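A, B and C are the chain letters, set down in written order, and residue numbers restart from 1 in every chain.
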Amino acid sequence: MSLEYFLQVFVSGFTRGSIYALIALGYTMVYGIIQLINFAHGEIYMIGAFSLLILIGVLSMLNLPVLALILIAVLVSILYSAGYGFTIERLAYRQIRNAQRLSLLISAIGMSMFLQNYVLLAQTSSFLYFPKFLEDIPLFQNTNILNASQAVIFSATALIMILLTVFVRYTRTGKAMRALSQDRTMAVLVGVPTNRTISITFIIGSITAAIGGGLVSAQIGQIHFYMGFIAGIKAFVAAVLGGIGNIPGAVLGSFILGLTESFGTTLISSDYEDVFAFIILILILIVKPSGLLGKNRSEKV
Amino acid sequence: MSKFISNLRRSYRLLQGVPKFLIQSLMVSLWFAILTFPIMVIQVNYTANTVEWQWGRLLLILFGGFAGSFIWFLALDRKDNKPSNTSGTYSVIKGRLLDYYASHKKLVMAIVFAIILLIPFASSSYFTRVLISAMIMMVLGVGLNIVVGFGGLLNLGYAAFYAVGAYTYGLLNYHFGIGFWIALPISAFTSVIAGLLVALPVIRLRGDYLAIITLAFGEITRIVLENWGEFTFGPSGIKGIDKPGLFGIDLSPRGEIIYVYIVVFLVLLLTILISRRMENSRIGRTWESLRENEIAARSMGINVPRTKLLIFAVGACIAGVAGALFATNISYINPKSFALLESIKILCVVVLGGMGSIPGVIVGSIVLQVIPEWLRPLQDYRLLVFGALLVVMMIFKPNGLFPKVRKSYVFTKEESEQ
Amino acid sequence: MIMSVENLSMVFGGLRAVDDVSFHVNKGEVVALIGPNGAGKTTVFNCVTGLYVPTHGDVFVYDNENVTEHKLRGMTPDQITRARLARTFQNIRLFDEMTVLENVMVGFHVKLKSRLFDAIIRTSLHKKEEKSVLADAYSVLEYFQLEEHANDVARSLPYGYRRRLEIARAYATDPILLLLDEPAAGLNPSETEELSKLIIRLQKEITILLIEHDMSMVMKLADRIYVMDHGQLLAHGSPDEIKNDKDVISAYLGEPIDA
């Protein structure tokens, strides 16, 4: 394998990892705070992509300069995804927050099915073409190894990581999130605004997922109502790999998964692409269920 | 009289809430209209360079959202303020039916069985087929009920064992011409092996992790089935699988269907019987204690890892049997029937029916197999409704439609004396 | 002697939760293990009952009835229960969705032999055992005065009864040594009084080791007391001796103030 080829595969894997990271963040934050595996999260990613597509389409009728058009569309689609995330939590999860795990899980599965079919019925079942607006960015030289859209994806992901880390560590809401994820009863007792914090968690997660959805669609050039499902599962695997509930873990797990998939499909086989994720999942759950960076949540005896 | 007054009070309280609910509903419907605007109303077509505006849908959301949220708020309010439901008319009727059943058990059973056995003779092949698939779903539900309901082991990949059973029979039949009756125990056996293979790594895992890993195993199974063409014939599956034989007698197509129906019914009965017997025994209590509190169960002398393996094995065995039945029923299997959706469907049968309760599983299967058949014209909306149903059920009836009632014992003086 | 703990240590990372603790329990005694919060008492219990594997040390149980000696280190909790050691938990661990009667029936698990096969086919062994376990469980409930709630779901019991049920369930395993972890926690004075009476009754058949904070109860019931603090054994002796022990007083109350 030549160096150039190797780097291409590496960059490709890294890009995958970035997208997974953007989605995995949402999973890990929500799990950390209410111990729910939000199956519907992948659908937010998908809805982000669809919203962006639709907004670009509508706004392009207004003859705006391209940059402004893209920016406005991105911003509005992010708002919409945040709205969906907020609504889902309010509608389905808030009521049963203290119920059994199984109930929450099934509710999330139901939500996921509902959203998938909602988009399917409202839009279309076929693959939709998506404008690759990231490809021609001024001042960027496309090389064989790295192209413009990949560079944008990296920078966006890195920026979001930094912002999020700062947010969680230094802001009041970030502290509230950490408190709730460690000991909910106590956090409530000392006056942490539970409902609001949880809503904010969902909103942040939805925003990052939507950004991921928009970016990946711009890179690949097409979207489909089912795209959230498989991406969601893989991002989820990444979050578990890194330690669910742990933000740096989600990022680490995502990159490992992305690179594994990239090298795996190139070197071994591309039919079994999805299997890599599952095998990693099984291995990590057997060897270290709390994930690479996770801490063991042990039960007090 | 007091019942009348409390009903009156409840209605008054509901009415009091109405104006508040109206405003809230209005706000909610506006919110939804804005939220769903891009996806519902706007359809972009890049290749034709057009944008279509579906204003009708906006109205749908506005009015539907308003009505829906109004009913929603009413229902939530009712749920929170509901008195115990032993005095309602529904419960009274249910109570009387159950009493009659309890005292005339044998008679009721006999009549019900007779009716069930006669149905296929009086119905179309299509309807019989639907019933057969509903009964197979019940078998699966009973099996998963043991794993999830009794053992508390969350399994999101149950369809994998179902697939193993089906493909075992399918392949044996295709390659060696082995008939149903001989293949049935073999299917059960291979499924048990599969169950143990899955269970071994997961013994130490709890709750959510167990759910995830079983989901992973389920998906891997499906992917392997789809891609390992040389062995499993990939997406095209296996065709022409034999129906069960009746001492070599040649049956007409209709006769075959009726025969399959009876076989499936008998297997279902057997499964239910075995499940019941396991439930009301030391083993059943052991499993339930595992679900309730694993550490305490351990301290009661229960070998937790071994018990978990056993539960998985039993669950897998039943799924394997169901798989063989499935293969013989429609004579054609392919990986699509064993995807994640199937596992979720079986799980929903258990949860919606009522965890740990067999009548619940029966009702759940009928709801999830038969009703979608009736709604065939609305085919496209099936999954949409299904998803919404799940969310709604978890909020309003998390224990299912027929939650399990624990067994009560009556003690007479002689029994209590040492 | 029924149990002896020798040089038991339990180290978690850098923390010495239990530090070289040795004690013994004689048949028919009520021995109390007391100490401030965090002293390591429950950790000792967890080591003895197999929930933790101790870093050092050994635990021996001498079953005179069956003339066997068990070395508990390395045994799993279920094996230890079979070795006739039973315990209750600080934060009550009942089978909440099962009835009171069923909870006790699970307690009889170690005494029964019927297996999956027996249940499915309904062998005579199964039928006989089912009948007897029902009667035996009910008798246990009567002994603990819980028989009226036999068919109630455990979750619905008032707190005091839940504690009692947990002890009843442990009793059903027919232990020679019963470990009670803060049985009086959360009980009001009259419930504590009933608990004391119960322990006195139990003492006639079973040796008891208990962790407790309720000093008046401990002083009344215990034959001997061991005091722990910071993972180490501070003192031991009869209730009177402990009451006047300087180290014990300062551990609990801080340095004595010159009056």
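Keep this in mind: a contact is a pair of C-beta atoms (placed from the backbone, for glycine too) under 8 Å apart; a residue touches a chain by one contact, two chains touch by 3 or more.
Worth saying up front: this structure is predicted, and the values here are computed from it rather than measured.
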- Message: Using C-alpha centres only, name the chain that sits farthest from subunit C.
- Response: A
- Chain pair with the most C-beta contacts: A-B
- Task: Grab the C-alpha centre of each chain and report whichever is closest to the global C-alpha centre.
- Result: B
- How many angstrom lie between the CA centroids of subunit B and subunit C, rounded to a whole number? 42
- Item | Separation of mean Cα positions, subunit C and subunit A [Å, integer] | 49
- subunit A and subunit B: spacing of chain centres that average the CA atoms, whole Å: 30
- Note on the structure: Expected list for subunit B, residues touching two or more other chains, is 295
- Provide the list of subunit A residues touching at least two other chains, using ranges where the numbers run on. 301
- Note on the structure: Multi-chain contacts in subunit C, i.e. residues touching at least two other chains, fall at 51, 89
- Message: Per the contact definition, I'd like the list of subunit B residues that touch subunit C in the complex.
- Response: 274, 277-278, 280-286, 288-289, 291-293, 295-304, 310, 314, 406-409, 411, 415-416, 418
- Query: Which part of subunit C faces subunit B closely enough to touch in the complex?
  - Reply: 49, 51, 76-78, 81-82, 86-87, 89, 93-99, 101-102, 105-107, 109-110, 112, 114-116, 118-120, 122, 126, 129-130, 133-135, 138-139, 142, 147, 150-151, 153, 169-170, 173
- Message: Taking the touch rule as given, give the residues of subunit B at its contact with subunit A in the complex, in rising order.
- Response: 31-32, 34-36, 38-40, 42-44, 46-47, 51, 57, 76, 148, 154, 201-202, 204-205, 207-209, 211-213, 216-217, 219-220, 223-224, 227, 295, 344, 347-348, 351, 355, 380-381, 383-384, 386-391, 393-395, 398
- Note on the structure: Listed in rising order, subunit A residues that touch subunit B in their complex are 35, 37, 47, 50-51, 53-58, 61, 80, 83-84, 87, 91-92, 95-96, 99-107, 109-119, 121-124, 128-131, 233, 236-237, 240, 271-272, 274-275, 278-279, 281-282, 285-286, 289, 299, 301
